[in-house]
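Encoded as structure tokens, here's the structure I'll be asking about.
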Amino acid sequence: MSPTTAAWLALAFPLAGTIINALLYRTGRTSRLTGYVGTAALALSFAFAIVAFLSLQGRDPEHRQIVSTLYDYAVTGSIDARMAILVDPLSVLMLLVVTGVSMLIHLYSVAYMGGDRGYARFFAYLNFFVFSMLLLVLASNFVLLVIGWAFVTAASTLLISFWYRRQTATRAGVKSFVINVLGDIGIILGTFFILRHTGTLDFLGTFAQAQELGAQHQADLTAGLILLLVGAFAKSAQIPLHTWLPDAMEGPTPVSALIHAATMVTAGVYLIARMHPLFEQSATAANVGAIVGVVTLLVAATIGLVVTDLKRIIAYSTMSQIGYMIMAVSTGAYVAGMFHLMTHAFFKALLFMAAGSVISAMGGEQNLDRMRGFRKAMPFTYGCFVIGGLALAGIPPFSGFFSKDEILLVQAQIGGWHWILYVVGYLAAFLTAIYTWRMIFRAFWGEPNEQARELEHGHLWHAPQPTNPATGEVEDTDVGFPGPEHHIAEREGPMKLAMGTLAFLATIGGIVLIPKTTTWLDDFLEPTFANSSVVHHASNGKLWLGLALGAALGLAGIFIAYKIWATGDGRAALHLRERLAGVHRLFVNKWYFDEIIGWLIVRPASWFGRFAQQTFERIVVNGVFVGGSTGVVRAGSAAVRALQSGFLRAYAALLLVGAAAVILYFLLQS
Amino acid sequence: MSITWYLCLSALVFSLGAAGVLTRRNPLVVLLCLELMLNAGNLALVAFSRMWGNGDGQVFAIIVMVVAACEVAIGLGLVVAIFRRRLPVDVDELRELHG
Amino acid sequence: MSLPLSIPLWLPVAAAFAGLLLPGVATRALTILGAALTFVWSLWAIADFDRAVHGLQNVTDELWISQLGIHYKLGIDGLNLFLIALTAFLWLICAIWAARKAWGTGHKDKLFFFFFALAESAVLGALMAQDLALFILFFDLMLIPFLFIGGIWGPEGTRVPAMLKLFIYTLVGSLLMLAAAIATGVMAADQSGGALSFALSDLRQNVLPKGSQDWIFLFFAAAFLVKMPMFPLHGWMPDGYRTIPLPALAVFSGVLSKVAAYGFLRIVVSLYPDASVHFQDLMLILALCSILYGSAMAFTTTETRLILGYSSVAQLGFIVLGVFALNGDGAQGAIFQMINHGLVVAPAFVVVAYLAGRAGGSEDLRDMGGIAFRAPVLAALFLIVTFATLAMPGSANFAGEFLILLGAFQHSIAIAAIASIGVILASVYALRFFVRAVQNRVGPEVASRELSLTEGLVLVPLVGMILFFAVYPQLALHRGEATITRSVQPAAALIDAPPATEASAK
Amino acid sequence: MLRDIFFFLFAIGVLSGAMGVVVLRNPFYAVLSLVVHLLSLALLFLLLQAQFLAAAQVIVYAGAVIVLYVFVVAYVGSSVEPIRASAGPGLRALSVLFATALAVELLIAVVGSTLAGIDGDGEKILFGFGTPSFIGELLLTRFLFPFELATILLLMAAVGAVVLARRRGGIDGAGDVLAPLQFGLRPPPGTGTMKEGVGDINPTAELSRSREQEAPVAAVAPRAETAQLDPQEPSR
Amino acid sequence: MPSLLAAAHPLTPDIGWAGFSPILALLAGGLVCLLTGLLRSRLVREQLVPLLALATFGAAIGLGIWQWGEAKDLFVAKGSQGALRLDDLTLMITFIVSVAGIGTVLLSWRALAPREAAHGEYYALLLSSSAGMVVLAAAQNLVTLFLGLELLSIPLYVLCASEMRRERSLESGLKYLIIGSVGSATMLYGLAFIYGGAGDTDFNGIAAALKGATAHDALVLTGIGLTIVGLAFKASVAPFHQWTPDVYEGAPTPITTFMAVATKAAAFGVLLRLMDVALIDAQPDWAPALATLAAVTIIVGNIGALTQSSMKRLLAWSGVAQAGYLLAGVIVGSKLGVQATVFYLAVYLLMNLAAFAVIVARERETGLGDDIGALAGIGYERPALAWPLTLAMLGLAGMPATAGFIGKFFLIEAAVDGSYTWLGVVIVIGSMISLGYYLRVVAAMWMGGRAATAVEPSATATPRLAGADPAGERAGFEVVAVAVLAGAATLFFGVLPGPLMTLAEDAGRALGLL
């Protein structure tokens, strides 16, 4: 089977799953049929991804970039958008990661969402998401890329507002959608800048002209790439377009795991990697990416330190980690970026799954402040959480250790101002270790709380009346919510299986690119990045320094967290909070990004809407244009009628006046 | 005496007649004033007839006289009818129709 | 071998008229039959369309009023082919929709279908007409049935003033256009010294002097901008939309406004290239204002009809943007977007009707909500419509908007950038509509019911068509390309090579 | 020279007669003033070589038409026009202004004319210009049609006058109730008795007095229509 | 014998009986009606006389068809042009007047006015007025013109006042008479000046004399101005229009119908002949003045009609506005202009006939008179009335698919062709305003709530003698027939204007303009 056939099939199965699940929406509440259908679709898709991988490996390195066209989508005027996929190592890598992780999360969801009344809908959405993501990844031209890009937005929105009777959820959904549409616009406009000179939307066709483009149209290229970056930032939750991601945690936890951690949010990274021939022609654009990435990774890490919502901590952590990746691919560390993308997918999905399990045990409650002592009650979950935490904190030999250091190593390699990135990267890694372990210590250590105790006695705790954790509003149970039936990993085979697999991967994921040992990933991606002009050869000194520094900072972070929360009941943190009240306020309020955006964009927009609705429409549109003209006519009408007084003599007078006027005119003519 | 004089006289009479129509309220008198206007026309016609030395103007004037008589007949008939209907014989009072 | 265009053109109204004379339900049946046959014909016309022919196809040309130089000239080309099909399709669906309701007793009930069908014939006529006078005749004629439909079957009390406002307001433009059109014909005849003729092909031979073009352009623009409507000439729209019954409103909003936009391409840009270039920036700015203003209004109003109404204002803004980009991409996007918007707004009105039926008759957004759970199919279909409305990539609307923005981009980057704000705002109002209508908490009076079979009969084909074009937009783009590009060619040529006089003047 | 003097004499007659018509309050006097005007005009016609016309003027106008006037004035009652400003626009001054403007314009037109013959005494004329035979021939040749048509016009005017002034309405519909004839009794007021004609009775005053007693008798109450129409009167 | 007579009297004018026959028919028919009306039998008076009148109009049309295509001068004496001109324009006006006459006779059939005025006299006046109109349109001599105008007007003064028991009828008669006489006198004065300038009363002679400097003489131009005023008065052109609404409202509705269409046709017939034949060389002088008047008329007429609730008044104001539109065809002084005017006159006839027939019908059926309220809800109760009126209103507004659209199109085309584009624009602006009231009528018929017939006739009906026509009866067959036929014709000529267009074309050619 050719790689493209396999890729088409990999693309087709999730779509088929979507349709089948959509048609099965009437299946009963207890039936897990749709869940298994969805998972099976993904399993098949994953299988074909592997086929594609193997098939691609079977080819010459020169022939590993294959385009397959199904039909003309919109070939007219100056656009040539075809329904075509590009299969190359990069897309196949993404294909593998996406289908693989998705399959596991589907499996997890089979159990986790078991009690939800929108079960079939959930899997339809989830399958649709994977389809969209694969479309994005496989797209061979800008239009298809944008389509996939928007489809994942849609799927993400639908899943965020999955519990759509919660206003917080629908609002978060809309927010995520709108910000991502902004990203779409960025890509579209960016495309225009590039299309203008290349005359083609096709990736390979465009890349072939990258040199000329860089040489002759540097300004347009830079503008186009920065606009593409806007798309990437929106999707990957980079500052300042990141505000939707924390809110997106309104969605069910598997969604957070799949979309907002493992796959969709990394699309921006993929985009930059995919566009690397162009980015290499524009240093400015690449630098923008790198700087935004580094700022995001630091800011997100600081916020992660103070947030108390369990899922949001992980969400900020995701932002932060994606910051690494963006920084990586923007600075030419493509393989490192993709490597981190992969390992991050493993451990972050794992963390979310584990968090989901904890939240279930809490009866839907996500506040870290209320969690305590689940270590004994949920040993499996705890184990997974720890593995994920170690990977995230970059402790050797877990996967995160290798991938993160690889990125920072490249920064050191480049030198110059990239040293700043290097330093900040390690600083953030230190913070990452702290907040990750803060989570673990606070949730699992210490005296078990009510919920944990109840679980130890063998049954799950349920709130007497379910409420929305965000607002305290009483839930509308009709459409389901993390509601009366919760599912924890300890009791559900599928969850265990999924988490176990991921834990394994998170542990050993680094094996594909261990410095001085393995170069599998490097080799595999070589054909895609073959023409890359940026080649890094790290010196041994920097390499070892980086590895040591990474491990040390990670351990230090864990140690501090341990000191404060595991043994010190967090009093030190409180103390620190009082000492640095201003900084704390800044962090807790997420650096005021929501407020700034509100002031700059949302408020003016809604003011404009109100002004239009209440003032302009009434005064100008109806007043001046309609009322004004009818008013003039009406006034004229009144005047004419007043003149039509019924007095005969007045009529005669007007007649004679008219006559006099006519004569006057004629006299003037003569 | 040049024709101009006749024409000036005719213009004055015409304007007088017009003024009468505008100022008088009794329809009978209004009709009289209309006669004045027609007569002014007649005078002009006859003067022009003299000026050109052809008879068209005079014939025209005769026809105008006929017309004037007809208008008077109808006008007076109307006045009588109005009077019979016991309506005010005053053009200012007749303003049921307006607007 | 093909059918004379007069047959599909007059078939709908002829069928309905026959129904008017027959007793009972014959009117409905015949109206639907007439619309169905016309639709079948339109499909066949698409299949039969010869892309190699660059000019008109299937032309009917007879001298109608020789003294006035008015031809009864009909024809199909890439510009109107799909709009005709859209008209036939929407009318068929909406006729079926309307047939499910009672419109009064006896004569009154029949009248509705007669007017409805008359409107179809008039719209088809306006689209097929290849004579300026004939176009205007049909353009004005198509409004008359809606005057009656809104005036007779609108909500008691407000319907008459609302419809009068609509009618007069829109005709203000049309009548100015009439004067301008006549001036065009007469001046062209003067210029050529030939016989008076309003046939577009003849008029195109004689490009008027620049000064005349300018005022003529403004008059035409007045007609079309009002009819669309475009900011700030949309004053009639809210009242009108509130008044016209939904099945008629669906076609009104879906098709009639497009005829105006189509008029820009068919007539204005091709006959008055100099003026089009001269007023290009004005039109583009108006288009931008429409986009932004329409969107802002759409996300602040709670009346569902008006959300769609103002969204149409915004969408028409995009279409005008495409037309007045004055290049092939923009024009093609504009034509394609006309079809798409028609296909999207009609089901949206169907959804409004269904939602209102479930919200105790209220069409206010505040009274809706939460039905998605018990009416998942309806919600899903609505979701598709919503996504298409906001031109989500992957929908045909995106393909249209992409081309439009590309066209605008080629003219001016700033305009494309500002216009793209409209895309964002579209997502705001469309999602707001969707979320508040079917999600969130259940509205006070809401009784959630799943889509019934007969309801589905109306909505599903519409959504199906949206999906079809989403998957395969090339069908329409491909056939239209040659003619559409040609229609803007004169103006585009002017932009590319500014007249020598201007250059020397500088 | 003599013609000039005559012209001015007659012109004064014409103008003063016209002025009298416009100014005199009593319609009867106005009619008499018109006679003066017409006679002076006839004399002017003579000066302009329009003998036949002058004669016709005297006979038709000053004779027949004026008699008609006098009759009607007598019939309707020669009530003096009220002095008070009318309910109407009452802009008498404005009317005078308009008329003056008109006069000025016409005079300008006449004086400003550059026509060839206008400043002369007229073309040389043949003998017999303006005589009955001259006019008669014209009427029977060139103006045959107008001449014939004038007869129709006169006939129609007569018919019209009859229609308007006829005592009984033309209605003979079955549904009408006609007022019983009141033989030997005093005729209803306002119907043109001699007493009214000479002004002994003021018909208007009489009317108001007799309205109440008449109302039940007459088929239709006078002015009832206004009262009954009012409710449907469209709001103006 | 005729040859002998001719030999004996060499001066006898050549009458041209064949050409004169349509006018003669009208005149003779009038006399016959008058005499027949003297018969005692009620059947004869109430049925035969109208039938005779119908036959007369029919005969006039028939004779007109017979004479179609001929172009000859009538009453030609030695050295003169002839008093009348029989050509296709005259005949077209004859047709219009006669059709209007037929409509009027049918509408009068069971109306009150003929009974009040006595049938013989009523129809005789109607016929002689029609004859006056044709004479006016055919006149090519100032004397004939003036006489035609008076023959048109004087019977109409009487007819307006013919419902003598109704105060408004009398008032309208008196107003029409006095204002009309002022107009006549003004025009006479103007004619006198024109005669003074040209030295001739024949149009040809005038056209020949008014060449060069003479055409710009103050006296002549003043004469033209005054003549325009007089004719504008008859055609209800602002600011000489003020009699129109009052007289239309007060007059018996059938007479209003007649005045609305026939008078206008005649007035425009003579305007065309006088301005575009006799005074064509002064066109650069008078055209702007007339154009200004036309613009004022269009605006004033339309805004005057806006708030009317009396249908007759509304149509009167609309008639004022339409006169403004029609003037455009006169102003340009071209063949196209004449054709457009004639075509529009014909179309205008149809539309107004339909409208007035419906008004007559509703006056009889409801107690509301000509109030717009009388039309409420007839869309469903009386579609045979509602459709014609709807078509008429849409046609008057210039909506497509009605003859009104074609007519307006034609007029604007003529205006643009004659370099009066701005007037074309004013026409469309007027049309916009006019929608405001035409549509109100349509709305009343179709979009109102309750039907007017629900009003109890006995409670509110105008007393039979005091008011208009007897209320509460179902309108007669003939009234509905007029409405339906005129409405159908409005639609028919809107779709297939060819036949009417051909007639107009021939008529337009008659004046020999370019």
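To keep things simple, chains are lettered A, B, C, D and E as they appear, and every chain counts its residues starting from 1.
What we mean here is this: a residue touches a chain if its C-beta (ideal position, glycine included) is under 8 Å from a C-beta of that chain, and two chains touch if they have at least 3 such contacts.
Every value quoted in this text rests on a predicted model; they were computed, and no experiment measured them.
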Ordered by label, the neighbours common to subunit C and subunit D are A, E
Spelling it out: a chain qualifies if it touches subunit C and also touches subunit E; which chains qualify?
A
Which chain has its Cα centroid closest to the overall Cα centroid?
C
Can you tell me which chain lies farthest from subunit D, using the average of the Cα atoms as each chain's centre?
A
The pair of chains with the most residue-pair contacts is B-D
Would you kindly tell me how far, in whole Å, the mean C-alpha position of subunit E lies from that of subunit D?
27
What is the distance in Å between the mean C-alpha positions of subunit A and subunit C?
37
I'd like the Å distance between the centres of subunit A and subunit D, where a centre is the mean of that chain's Cα atoms.
98
Starting from the mean Cα coordinates of subunit B and subunit E, work out the distance between those two points in Å.
25
Residue list for subunit D, restricted to those that touch at least two other chains
86, 88, 95, 98-99, 102, 105-106, 108-110, 112-113, 118, 142-143, 146, 150, 153, 156-157, 160, 162-164, 223, 226, 236
Where subunit A touches two or more other chains at once, by residue number:
641, 644-650, 652-653, 656-657, 659, 663, 667, 670
For subunit E, residues that touch 2 or more chains besides their own:
143, 147, 150, 154, 157-158, 161, 164-165, 167, 173-175, 178, 182, 186, 193, 196, 217-218, 220-222, 245-246, 308, 436
Chain pairs satisfying touch are A-B, A-C, A-D, A-E, B-D, B-E, C-E, D-E
Contacts from subunit D onto subunit E in the complex sit at residues 105-106, 108-110, 112-115, 118, 137, 140-146, 149-150, 152-153, 156-157, 159-160, 162-164, 166, 169-173, 175-176, 219-220, 223-226, 228-229, 231-232, 234-236
Which of the residues in subunit B come into contact with subunit A in the complex?
18, 21-23, 25, 91-92, 94-99
Quick check on the complex: what are the subunit A residues that touch subunit E?
633-634, 636-638, 640-641, 643-644, 646, 648, 650-652, 654-659, 662-663, 665-667, 669-670
Note which residues of subunit B are touching subunit D in the complex, please.
1-9, 11-20, 22-26, 28-29, 31-33, 35-36, 39, 42-43, 46-47, 49-53, 55-56, 58-59, 61-63, 65-74, 76-81, 83-86, 88-89, 92-93, 95-96, 98-99
Residue ranges of subunit B touching subunit E (in the complex, touch as defined):
7, 14, 17-18, 21, 27, 30-31, 34, 37-38, 40-41, 44-45, 47-48, 51-52, 54, 56-57, 59-60, 63-64, 67, 70-71, 74-75, 77-79, 81-82, 84-85, 87, 91, 94-99
